[in-house]
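Handing you a structure now.
Labels for the chains are A, B, C and D, by order of writing; each one numbers its residues from 1.
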């Protein structure tokens, strides 16, 4: 692909006349990776690796978009990106590409400093985060969608109640997808999710911590359905977002398949990061 | 997870009273794999491995669904499934689970017998196929969505026109997502997609075939935007489906990222199989 | 790539003189998928989807191999392949390609019919299987390596012993890699692995079954190190294979990382299917 | 898993007597992710996300290792790791864990600043890098293995020579695995690989650049076999490493499978990063 600007004696194939009369809803690039320092709305900062997608609408009378300008748009986000600046970056992309609508997606690992529950020793927990800024065709307003994917422990209430001892439990991935007037900081969202799970997960646990998380999970059994309801309510209460979806995928320890549940109209959106 | 029917002196935790007053849009299982013989609507048949998802809505006054009945539903589809029977299977699932709506997804590799263009030697081309039967809440009617992911060759028109010789080309994955009154057979859909690409791909090519595909691709350069428009028009003309989405993801040979384009309202749906 | 046989007025680039004096240890194709009916050495049969790799050594004075003949070799394995015939297929490949050594790999999902432990209801458990037939340079003898990847439940002895109640448990993937005089049937190998785990996993469990697997896992706690030792001993005792490697990867329910252990000289080989 | 040290009234299950008399070659953790600043031996520095593995040998008379100490070992590498310090980190791990041998693996995306060949515009190219420090049982010396995975363009000599115009080309992933007395800096290794390919790949190419890379690839056709030979020779000449393996995986634009070639004794090691 190439820059299709007027710099050239080289023929510009992309500028040729388009007669099929079909709008292309999105054309762009995906899988472009960059190192970036990301600053969350609450000031939390991490150097991370961002996998990007950028696309614009191609009108019915245009043959194609300018792929290299989308690469330049993404390059322009590094080395330091404030989440509060995403909407402006999206707008700049549309102007640069001369398109009426488009979408800018960033996806990256993010890290939460966790203190082990008894020993208090700190370690990092990696979660997956996505931001998606998109505008509808001919709409002035862009909306920003946040998606978080957070590992937790779930313990099965049924297994606990029917068994003499023990209960099956597993790592589960909770996905939260929300749109709000202003981006919500990542850290408190993760805390809400963890507080509703059977137990949070940690990278580093000493023996006293392991006892704690084992017993805590046993004391807080949750079905997949329980978990998404409790998280949904807690986020609703805390933030009243414009739209909200919550899913969990439980990697069942007793099966070779997952159990899942979601609240929201868009299950596929919730699975985005899986 | 377990069977929550009334067979037991074992307590049924799932049947407990639910007070959060939140509908769970879907609860179910994913990643369950089975061997199945699939019979397409045109009689084409393959033994394949099906990765399944099955979910139902959990009403606001119910605590959870019966995960093991969903496993039984899926088991009931094997060993031999006619695509024409999918709607009935979906209906049966809702009855069995006592739910007003739900979704049944099957995803599997499918094989097209291809003749090499000059030598005529046959080989298999593997594509990815998904069927999704879903009903909206309280709707009687289920709709069936088909998704196909098909590899083709694309050759860049710009690269060809500006270069003294050669042109960059690459493997591209075209995804077609459609809803229609009746499922459309897979084979002719694949043929339409291949006929619009720069060239089709094949597992087995002799030297005369390789000359043919190299030259054919060079004679049929297409941008990502061209390809989705041409495929969209061709499928529209042939089938007038209720809804249609088309995407391509070109694994650029000159970059370490992809270029893509799509027509349709649901880019994420198009990426489903990638 | 193409057929480099002598059929042509088309120039044969591959046959040109090679002067770099470097043997290429393997050249071939990977990721080619085919539907195949596989017959195990004990007669167990499944239709499955096989992902293949085929390669041969390219001698220091040859420029390249004949990729299309490798595709033909693989095509020749379908539609029905007996595991006992793998060595002969490998030999035929070397003759067809005119090479002194090479490797043929098949990887596919396989299915075990499992009866739930109390209700006795049957369901399929999917495992991953690989066969690799390879010969050392200038060796007459080809060896066949089998690799199985089997999901089981593990429950942590430490968590159990230190906690008032409960114990963390998780799905674990056991990988067994072995070379033997004759291929060993898959089914009894899977049984050995399952019998040493905290508990086997099943697709379909009724309530009474779920009680059983929960309690069984609690009664049989195993560290990753315990599990690989017990499986290693059990397979040694049953089959005395020429070489044996055993690993487990436990998808810890209390962490977002895995714990693993292996016995054998080749950890990477054990990770092959993960 | 937990810390098994003597801090506790909590029973230490791990310290129990081991009677199976089987050495566990490696026990540890995998998939633990951390943000880290990595300093290469030539001073090149990137903040990146490191996926880690750490394991130690468990002697025949020990029941298990101390998983939480391995997490601490890895935590101790952040926030700033010099590649020259890897051997010392490995040694420290063995001392901390009280084991005679072990392995420490780090895998991360790394970035090369590339200038487009004509316009000179800079962009990042992402490659994958792995370092593995390992010691054989009872050996004092640890060896460091470097693995790089680098995308390039390859263009098929056969397709070019038999066709009237054009030639199929594709993105290929070259993997270089080497052991040397001292780690070799990443940047010049990447340059060697790129200089032997049909052409290098870039994130950002303007029209004049696209013309350049298209023509350059056409002028430098290479089979998979050619590419691994040329890279092998070039690295041998430049560095004479203790051991060297080179592979390429060409994502054929005319097939739905890959063509590959490798030089070295360990094909699986070469595929490590794919």
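Miscellaneous remarks
Keep in mind that, in the parts below, a contact is a pair of C-beta atoms (placed from the backbone, for glycine too) under 8 Å apart; a residue touches a chain by one contact, two chains touch by 3 or more.
Remember, predicted model here, so these are calculated numbers, not experimental data.
The set of chains touching chain A and also touching chain B is given as C, D. The chain pair with the larger count of C-beta pairs in contact, out of C-D and B-C, is C-D. Chain A and chain C have CA centres that are 34 Å apart.
With centres set at the average Cα position, the gap from chain B to chain C is 28 Å.
Between chain C and chain D the centroid-to-centroid distance comes to 24 Å (mean Cα coordinates, whole Å). With touch defined as above, residues shared between interfaces to two or more other chains in chain C number as follows: 1-2, 4, 10, 12, 32-33, 126, 158-159, 162, 203, 205, 207, 210-211, 252, 254-257. Remark: chain C residues 1-4, 7-8, 10, 12, 32-35, 37, 46-49, 68, 71-72, 75, 78, 109, 111, 123-124, 126, 203-211 touch chain B in the complex. Remark: chain D residues 125-126, 151, 153, 155, 158-160, 162-171, 199, 201-203, 205, 207, 210-211, 213-215, 217-218, 251-257 touch chain B in the complex.
Of all the residues in chain D, the ones that touch chain C in their complex are 1-2, 4, 10-14, 20, 22-33, 55, 58, 63-65, 67, 103, 156-159, 161-162, 223-226, 228-230, 232-233, 249, 252, 254-265, 267-269, 272.
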